[in-house]
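Each chain gets a letter, A, B, C and D, in the order it is written, and its residues are counted from 1.
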Amino acid sequence: MATVVVPHLMRDLTGGLARVEAPGHTVRAVIDALEERYPGFRSRLCEDDALSAVLTIAVDGKVSRLGLMQPVGQSSEIRFLPVIEGG
Amino acid sequence: MVEIKQNLIVVGSRPARVDAVDKVIGRASYATDVRLPGMLVGRVLRSPYAHARILSIDTGRAEKLPGVYGVVTAADLPPLEGDDAVGEKAFRDRELASDKVLYVGHPIAAVAARTPEIAQEALDLIRVEYDVLTPVVDVLAAMKADAPILHHDMRTRSLAGTGEKPTNVAAHFEQVKGDPGQGFAEADVIVDREFRNPMVHQCYLEPHSSTAVWSDNGGLTLYVTTQGTFSVRSHVVRLLRLSMSQVKVVPMEVGGAFGGKNSSYVDGVAAMLARKARRPVKVTMSRPETFMATGPNSGSVLRVKMGATRDGHLTAAEATLIYEAGAYPGSPVGSGSHVMFAPYQIPNGRLEGYDVVVNKPVVSSYRAPGATQACFVAEQVINELAGTLGFDPIEFRLLNSVKEGSETVDGTVHRHIGAIEVLQAAKASPHYTTPLEGPNRGRGVGHAFWGNWGACSSVTMTVNSDGTVSMVMGSVDITGTRTSIAMQAAETLGLPLDRVKCTMGDTDSIGYSDTSGGSRTTVATGHAAVKAAHDVIDKMRERAAQIWEVDVQAVVFDAGIFHVPDDLDKTLSFQALAELLPRTGNVVIGVGNVDVADWGSCFGTHIADVEVDPETGKVTLLRYTVVQDVGKAIHPMQVEGQLQGGATQGIGWALYEGYEFDAAGQMLNPTLLDYKIPTALDVPDIETILVEVPYPHHPFGARGVGENPIMPPPAAIAEAIYQAVGARVCDLPITPARILETLGII
Amino acid sequence: MTHKQIVTATINGELTEFLCEPHQSLLSCLRDVLSLTGAKEGCNDGNCGACSVILDGRLVNSCLVLGVEIEGREVTTVEGLAGWQALTPLQEAFVAYDALQCGYCTPGMLMAAKSLLDRHPNPTDGEIRAWLAGNLCRCTGYDKIIRAVRAVVPGTAVAPKTAEAPETADVLQTVLETASVDQVKEA
Amino acid sequence: MKPFAYEAPTSVDQAVTLLAEKGERARPLAGGTDILVQVRRGFHNLDLLVDVKRIPELVRIDYDAEEGLTLGAAVSCAVLCEHPTLQAHYPGLLDAVSIIGGAAIQGRATLGGNLCNAAPSGDAIAAMIALGGEALVAGPEGRRLVPIASFCTAPGVTALRPGDLVVALRFAPPKPHSGAAYVRFVPRGEMDIAVAGAGAWVALSPGGTTFTDARIALSAVAPTPLYVERAAEALAGQAPGEDAYARAAEAAQEAAKPIDDMRGTAAQRQHLVGVLVKRALRAAVARAGANHAGTGMEA
């Protein structure tokens, strides 16, 4: 089970829980699993079928362009950060 | 993790950069130097208003002017289709406004003409009818409920849910760690301050320029100044609905960029004009256009509160960051919040950010986007806490510094960092260990964290039959990377640098590569080069095995030599084997194609000594030192150049630079006379100390180094000024007037 | 209406005749008429120095000179300093000390430094900085540029503290060997 | 840039004729560092620029211990700064001339141009006012001398009439025991426009014990470079020293009418006037003392 660090502004959905566990081999699958448990979870993070343009996903501290397709390991930690850009 | 190579010969040396001779003889060719037969001049008509509805655009008279070959407006773009209309419309409106202008300088139309004078006359003949609206140029005013609204379809995006009313607040976020209330309750000293910072510009000396030419079969070639040829291609393809294979983007020498050439400003217009005029068209921006209609860094308002115990431990930190996005959403507020508290172990924290649209130029990235102002406010407060508690500022930072595995306020976990090493090197530096003497003089320290992006890079490498190697990279060389990438390839191939030549490829000749930004190129494109070199080595081992009639596993490559161990007859130098390649099945081509997901990180500490004239508030920099963890300096001289150049931009930001607007949103200082960047007289020699804590995810241990050095100067200088005359100035730039005001003299 | 005028001037040592509009700047004449694109336009109002050339022995911003004004006069641009096979000591120093990055300010910076050294062969650091203050560089922070100029002042060459400044001759050799083959052909 | 015609006459008469023909639509071209920028930005609509640098009288420097100094209006700042006579006798003028722009601007900018541009911040104008300089103007009706103190009438506006050409700037020979200085404030090292500036000229009694005469002029604190009439009476008969400087500074602050703009605030300028007048006076008095000691009066 991967661990998702619930963003502060979404803890109203998780009853205040800061970390939740969910199954899935990709970020998308993990979000889908959490959507079932916490309705509204997906719409906060996604626009249409993609990650919100103002967010970045870090899986175990790594950030790639894969977005929701990013693979998730058995003991991965997933975080959602405001988008970070370089110059 | 990769194995970091040791005993390096080429990497770490200081060869002359390959582009240097062309540049000192005036032969280097920039986008503005492009000259094609029959080429026309393109010029852009821009809005004189910061906020207005366009009622009509009449280009009739301009089109009839002799010498004019084409006029374009938003009406010349392919029609909008279907569902994507909202995002697509904003994208197109940024290029050429259709129904509304949102800042002074917003493009409305463009003309192609035989001479600049005719083009200007034609622009004067275009009649635009406006319904002038009230602009909003102050970021706090823009957040108010009754503020004039720029985009009526905009709703605040937030993880708390999307807003319901039209607003200028494009996005909001809040991140919390621990219990900030409890943290502040534990503090013995709390510092709480508000800071402001105006828009600042990258001020690359070469303005944007793009030359477009269409072939008869519908192919478009663009000669551009950009940080990323592929991003220019994507932009033009999206705008004009072309196929990617129709468009070739050719990178020219880049006359400075610093993030500002990640965005595309005149490429689309040049392509539209060239198609309409059926002739090559070059569009070059003037300096005032560059200030008013490209992407500066966000102006911002920040509040920071930090608490610490008497024994010097930080207990809590809070910040609110309000960033101007300019006319369309997308300020770098996330980057600012990500880095501002990142150098310190802070058990309790809160970060809140707002991305706000205002009637000003659309912001773009500028060297560590959004981070310099955030670093300035956090570091000023750290300095103030250290001073109040009686700690040496570097000691205080060491006491609270992040270490391996530390988690920041936004939840990032630090790995493989050199934070402590950098602080210790700064503390032991000749500068810091030499006392500063004399009246009205002061010393200050600033410290910063910034990461480097990874992402996609492509390299191909051809082994020529004389043993030289020709490389093509998809990255644009903006800082000397043709040299530093070739060095990494040469090291891997065991060749001297002069046997490896690296050139920039156009978008037809090399695979996708991300923009040269985010301190990524030497690292990620270096990865690609090393990968391509290994591909070359593997393929050459196969050839050697074929020649020697042995199993490929038996062929070993070591220090430029292919050989079979224990069989002295089976030894070929790289060159000798290269000479045999055409006779064993054509040349060898190596490919390196990477998407680097590891974000490196680096820390830098700056030390500034100043003298302040207490009567006028004039600040003179006496001495300046940059200490930075660079992982491994591939080309130390270029790394020093990055540190010195970045620091000087930070010094300009600290003391001189800033957009000035009037209430109508008109920029008052769009010249290099009144927008003041540092001259040779304003900065001392800048001492550099390269700390090398190898980064384990790069073949040579390199970290991205380019952006970090712009961040610490404002805080270091502000503290030095405070130490000199007792003025703690919270707004940038720290002008003489602000110093005198803070001291109560005026 | 105005008419084009014929201007005769010595440009980089060669007597040159060209045609230009009276309002055309010397910078535009050099770049657009004579294809001498070494001088760059950074601001077109005399505040960046990228277009610096030497006119009758004086450093000027070529954007603030009219082409017609140079009738009978002498102009030296960066192209007049040296060919690529024979750099001047100043150019060699810029290469050896890595006194450039994007290179856009470099032609103007070289002309400014040359005009300083022509007039004051032994400038102090302060004089070098003051003389170059009209030439903006956004990449380097000036440090390496000042060191490079200093390097050609007799007796004051100081190698960068953290760098073994390579022997100029070695550097040049490397540069010549690695310079693009295209350059050789063009030359 | 809008097209215009160009002429390069070789005599003052030819130049005046050309200028008079076109009236408001013609301007002289000296260094071009202001006029070309202004034409490019569309501030002037011109048919003709008259290049005056080929007129011998405008590019000459004459000095005579009896007559004083006559500077051709189109001599470049770089030439002025290198001139030994100016270095020896008019260092207060060179203070201002040497800070107009960087080396490349110095190679072109002229005193005549600086004066006719009539910017409130014109450093050389204030320095010339402090020296009591006059402009020699040639016009359709002949030649006349205009005191520089009354030359500029508003920002960018001068006492010149259509057809007029500034031929030269004239300064009296330095009096014994006199000295001048110009100081300005800019936030950067240099290469900048004055936030405020002050020029001072002083004459001392033979023993150097009292002021016998003084002139103070300010830049960037009024619509024109400003002659401070009351400063002379504030100093006359006083002993050189901080008390006297403070009185003069106060008189200058009263005369100043600064505004807020992007280069500085009114309050900052008001304050700077006091600081700069004192600094200019200290330097001028030091130079007067140097004269007293006999240096600088040779040649």
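By our rule, a contact is a pair of C-beta atoms (placed from the backbone, for glycine too) under 8 Å apart; a residue touches a chain by one contact, two chains touch by 3 or more.
Please read these numbers as outputs of a predicted model, since none were measured by experiment.
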item	value
Closest chain to the centre of mass proxy, which here is the mean CA position	B
Separation of mean Cα positions, subunit B and subunit A [Å, integer]	27
Interchain centroid distance [CA atoms averaged], subunit A/subunit C, Å	55
Chain centre separation (subunit A, subunit D; CA means) in Å	69
In subunit B, residues with contacts to at least two other chains	258, 673, 678-679, 681
Per-residue overlap in subunit D, given as positions that touch at least 2 other chains	1-3, 102, 189-191
Where subunit C touches two or more other chains, by residue	44-45, 47, 129-130, 132-135
Touching chain combinations (by label order)	A-B, B-C, B-D, C-D
Touching residues (chain side subunit B, partner subunit C) in the complex	14-30, 32-33, 35, 202-207, 253-258, 286-287, 478-480, 497-498, 501, 503, 636-638, 640-641, 644-649, 671-673, 677-681, 683, 685-690
In the complex, subunit D residues that touch subunit C	1-6, 8, 29, 31-33, 36-37, 39-40, 49, 51, 53, 76, 78, 101-108, 189-191
Sites on subunit B touched by subunit A in the complex	157-161, 171, 173-176, 258-260, 262, 332-335, 337-338, 353, 355, 365-370, 410-413, 415, 451-456, 517-520, 595, 597-599, 707
Complex contacts: residues of subunit C adjacent to subunit D	1-2, 5, 21-23, 25, 44-47, 49, 52, 55, 58-61, 63-66, 68-69, 71, 112, 115-116, 129-135
Residues on subunit C engaged by subunit B in the complex (per definition of touch)	31, 35-45, 47-48, 50, 77-79, 81-84, 87, 91, 94-96, 98, 100-107, 110, 128-130, 132-147, 160-164, 166, 171-172, 174-180, 183
